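The first chain written gets the first letter, and so on, giving A, B, C, D, E, F, G, H, I and J; residue counts start at 1 in each chain.
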Amino acid sequence: MLVQLTYASRTAGILGAIDVKDILTASKRNNALVGVTGALCLSNGIFLQQLEGDKTEVNALYHRLLRDERHRDPAILDFSEITQRRFGSWSMGLLSTLEENRQLFQKYSVTRDFDPYAMSIPSLRAFFSEVVDNVRWLG
Amino acid sequence: MLVQLTYASRTAGILGAIDVKDILTASKRNNALVGVTGALCLSNGIFLQQLEGDKTEVNALYHRLLRDERHRDPAILDFSEITQRRFGSWSMGLLSTLEENRQLFQKYSVTRDFDPYAMSIPSLRAFFSEVVDNVRWLG
Amino acid sequence: MLVQLTYASRTAGILGAIDVKDILTASKRNNALVGVTGALCLSNGIFLQQLEGDKTEVNALYHRLLRDERHRDPAILDFSEITQRRFGSWSMGLLSTLEENRQLFQKYSVTRDFDPYAMSIPSLRAFFSEVVDNVRWLG
Amino acid sequence: MLVQLTYASRTAGILGAIDVKDILTASKRNNALVGVTGALCLSNGIFLQQLEGDKTEVNALYHRLLRDERHRDPAILDFSEITQRRFGSWSMGLLSTLEENRQLFQKYSVTRDFDPYAMSIPSLRAFFSEVVDNVRWLG
Amino acid sequence: MLVQLTYASRTAGILGAIDVKDILTASKRNNALVGVTGALCLSNGIFLQQLEGDKTEVNALYHRLLRDERHRDPAILDFSEITQRRFGSWSMGLLSTLEENRQLFQKYSVTRDFDPYAMSIPSLRAFFSEVVDNVRWLG
Amino acid sequence: MLVQLTYASRTAGILGAIDVKDILTASKRNNALVGVTGALCLSNGIFLQQLEGDKTEVNALYHRLLRDERHRDPAILDFSEITQRRFGSWSMGLLSTLEENRQLFQKYSVTRDFDPYAMSIPSLRAFFSEVVDNVRWLG
Amino acid sequence: MLVQLTYASRTAGILGAIDVKDILTASKRNNALVGVTGALCLSNGIFLQQLEGDKTEVNALYHRLLRDERHRDPAILDFSEITQRRFGSWSMGLLSTLEENRQLFQKYSVTRDFDPYAMSIPSLRAFFSEVVDNVRWLG
Amino acid sequence: MLVQLTYASRTAGILGAIDVKDILTASKRNNALVGVTGALCLSNGIFLQQLEGDKTEVNALYHRLLRDERHRDPAILDFSEITQRRFGSWSMGLLSTLEENRQLFQKYSVTRDFDPYAMSIPSLRAFFSEVVDNVRWLG
Amino acid sequence: MLVQLTYASRTAGILGAIDVKDILTASKRNNALVGVTGALCLSNGIFLQQLEGDKTEVNALYHRLLRDERHRDPAILDFSEITQRRFGSWSMGLLSTLEENRQLFQKYSVTRDFDPYAMSIPSLRAFFSEVVDNVRWLG
Amino acid sequence: MLVQLTYASRTAGILGAIDVKDILTASKRNNALVGVTGALCLSNGIFLQQLEGDKTEVNALYHRLLRDERHRDPAILDFSEITQRRFGSWSMGLLSTLEENRQLFQKYSVTRDFDPYAMSIPSLRAFFSEVVDNVRWLG
């Protein structure tokens, strides 16, 4: 079953550009092996990640990620079967917080700062749809 | 929860261009702090304002606005959860009554003069959708 | 409440171009005052008029029109609440029966000659939608 | 085409029980001849009548009724094609304002007193549906 | 393909009870052989028949019936694919015009007298649905 | 009531180009008088015709056509109320079987050869929609 | 326009049974005059009230209530046009927190204690629907 | 994935009651092992079977059945994912052609004799739904 | 936000009746404090649990449960916002595998043995709906 | 009835380019005769074929294909009535696994490698829709 799982977590301690680069490098290497694709956002000290792939693989990956000490307060925000992948071509893309993407974050933010924990499920889905079409990617 | 609240009120006494400028200046300053965005129309002595943001913040702002003596006869016209903001990029835009916008007002007016109190909820929603796309903004 | 009322009537006696011009002139003058807009078709000796505006004003106008001796056999064909006006920019437009519009009439005619009395409600609505977009106006 | 036309009007001058009885008697006699059925409510000095039958007959009857000096301020409230009659068995039923029906009126009233002019179209339809099932009829 | 075809025709000349009985007898005999079922109504000098069965058989029967001189002015009123038969148990039932069925006819009549030629397609379908459940059958 | 009736029939005996031309000429002359429009296809020895117009006129025409000895095995394939005509500008168009139209026929054919008798109702409707937009006409 | 407005507020200071009785008595007296009906719940130190009636009257009442010092932190939770009243027969009913109603509160509570501020709009609507059918009323 | 597969086949040669009993006995024994349930009808020399279970198991069983020489002319009639089993309690039920079930067969038959090859997909689904509720089972 | 999260896991090692009782006792004690309700099934060595409550609390509980060594191979199967709780009255109910419930499990099983990992999301939802109404509870 | 049948199978033994060419040549020759069209994909040692045409012909072809020893493990994946053919112009197209088509396969793959057995029905349909528009064809 092809599914997507969307979750948020908070960066634990101080996370530098190198750490993020490490996470991306590992993600691309590992996810490609198990056919998982997706996008990772980092804004306001919060990770928002959408993982897509086989239900078993996505679950295995998610439950493995939970043991990573670079984040905490994990919260599942959305989970559903999908017909096709949104991020078919990236094994893991990073949505940067560059100035260019600020308007996008703002449009879907409940509060002043981007807070995925507070977003509704339809809002999360609309956000990722717009991400695929309009956003400048790093990495 | 991301919501929009739309209300109308009547200008109390005579309201000059300076007053409107004051309202806008304060709105932009305050709303940006609490992540509220929206649009304010002034036509025919009636304010029509759509506020969007966190349910708690929008409620706090609305109930504070009620104490402003520059308007009276407040009436809630619409309230709903939303998936994304319409006015994500303005902390508060003003829809002027310039000649250019006259046709827009007319298209949604029940009566000859623009009277938001008399508009149906679907009509208000269609009006604000068209505002975002087609209108010239002041301020 | 913003409504549209569509009705048909037959010209009583012989109606010249001047009469039609008189009707249009009066319509524009009066309708603008009460915020009524719409379109008037004359074809095959039958008037087909769509009036849009406040429910009370449209009703007042319609019931006043009934006393005009230039037409008879009035029949209400459609009545509904609307979200926005179709003919927002005309206080009353006239759809001529010039050759150019013949195809439009034919597409929606039940019988060989244009006979609004025989049209279904969905057909009337589709007709007026196409009128707004495609038709050459007189007057 | 089978249609229903719903309208309101105000009693002109004082209308006694005899007048109402006269209206009902004439209605039953005339409507049966042309296959029109329906219901007439009288409450708060306002008539609310739903007529159902052939589009031509309902229109002819309605436009004849307008000349009756016992009412004024006529307003069309609803008009639509229907699949079957609601009041198939009455040529014209009267909904009395007896105490028993008070709750029904109240449930659909916008304001304290029953005011059909102010009712929305869905509300009018729900009202007449409930009338058919639950109400005690006079006459 | 399982279809229903509904048509009306007018009795030609005077048709006695015997003629109707003849039609029914032949219908039952013939229709059973080709798997056609249905209902036949006779009211106001008009036949209204719904035939259901295989598309080819229903068409063959219908086009054969047209040659029967006991009726004229045939008009197809409805035709559609169906999932199951309404009249599965009768090869041809007759809906009498007995007093008991008068209310049913009236509920779906456009005009005072039952006139299937004037009925809309949704109205015809609702009529036959109600027939199956509520009507007393002859023959 | 504006309807369309779609039927198929088989050419009886050998039908030359002249015969087809005769049918078209008569169709155009007669249909224009009664406000019937439509399209006629001839392929694989089978006529497929869609007639649109007033319910009474279409029925009268169809039942008259049945007496034409140039075709046999008539079968009604579709019948429905419509909001507007598809073939408003032709009193009767002929869809030739030229090479150019072969792909269109093939896309909607159940079997190798075009056989309208075997087509489902949704398939027939999709076919005629595509005909109006894409096809080269003869005649 | 018939609307419902649902809001929550917190009791200010200590509120005894007498105070609640006072509020109810005043509500019944005043609301009956302006045709407002509804229900008031008090649980966990939070008021949850649904007001239904004319848009102008409900707004006037709500904005007057805001000045009552027995509650604070008002928050609009839902607002919509309605076809008919839910609480047509009570000018104001009180939903007690008696043991009997505990299961109802629990079924719709987001958190352990009843907290209307946190309820979604569909949840609020489902809650009030169940209230009307199943709950024991006080007062 | 939980699916149902519906197919028809013709009995090859003469099939006695014993053969049918053998098929049922083997079906119950084998299907229970792989979690396949369903129903088998035999009427008019045609088998109609609905198999439900895991997509892989249903496919394995179906493709094995094809090698059984007691039937021929297999044709897949329907295949879809399902949410729950219809025949959860039988590993394989037999729908007899006893007199009691005749009306059911007739209601869904296109032609006089029960011919599943000719049934539409919606018709097959409606048939099996009615089977579960209303039919007397053998075996 | 009121949500439900459904997951499966496998019992690690041998789990006796006492262990299950311990889990239930702890669940009831803890869940009541944070307003989480739900149901726990144990069949075929697999736990299937539906948790409902505040999004934050359900997430906190789920991520805590993952550390319990009595189960392994956790997999999120469903997650959605809900309007009301299904299991409002139990802080945690246990669905036993007694003989009485066997039919229920079978109806929703993809394979012979109950395997929630293989169930589709609509199937899981239908299963829990039926559980609430029809099942005998332990403990 | 126009249907599509989609199935997968595994190549048996080693299959060279010549074998594939043979299959295609035979398919084109045979399918054209019986009016079957479609597409054949070969990726990852798995065939995925969609056949469209008359229900009887598609079934006959499919059941004949099963006897071809060049593939095994056949599994029906989808079957439905269709309104028009997708692959009207090819008697059988081959979707190559060239680099250009890799992204398309990936977008619909559940796992890393293309595995049609694991695809959901909506996913299969979306895949073939995209194939028609975007893909480079061999053969």
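Note that in this section a contact is a pair of C-beta atoms (placed from the backbone, for glycine too) under 8 Å apart; a residue touches a chain by one contact, two chains touch by 3 or more.
The UniProt protein names, listed by chain, are A, B, C, D, E, F, G, H, I, J = BLUF domain-containing protein.
Worth saying up front: this structure is predicted, and the values here are computed from it rather than measured.
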Query = Which chains lie in contact with each of subunit B and subunit F?
reply = C
Query = Computing the C-alpha centre of each chain, which chain sits at the greatest distance from subunit G?
reply = F
Key: Centroid spacing, where centroids are CA-atom means, of subunit G and subunit I in whole angstrom   = 35
Request  = Please work out the Cα centroid separation of subunit B and subunit E, and write it as a whole number of Å.
outcome  = 61
Ask   = Roughly how many whole angstrom separate the Cα centroids of subunit E and subunit F?
value = 27
Query = If you average the Cα atoms of subunit A and of subunit H to get two centres, how far apart are those centres in Å?
reply = 47
Message = Could you pull out the residues of subunit I that touch at least 2 other chains?
response = 1, 81, 120
Ask   = Taking touching chains as linked, do they make an open path (line), a single closed cycle (ring), a hub with spokes (star), an all-linked set (complete), or other?
value = other
Remark   = Full set of chain pairs in contact is A-B, A-I, A-J, B-C, B-G, C-D, C-F, D-E, D-G, E-F, E-H, F-J, G-I, H-I, H-J
Query = Along subunit G, where are the residues that touch subunit B in the complex?
reply = 1, 5, 55-56, 59, 62-63, 66, 74-76, 78-81, 117, 120-121
Task = Could you pull out which subunit A residues touch subunit J in their complex?
result = 1-2, 32-35, 53-54, 57, 81, 83-85, 88-89
Message = Quick check on the complex: what are the subunit I residues that touch subunit H?
response = 103, 106-113, 118-120, 122-123, 126-127
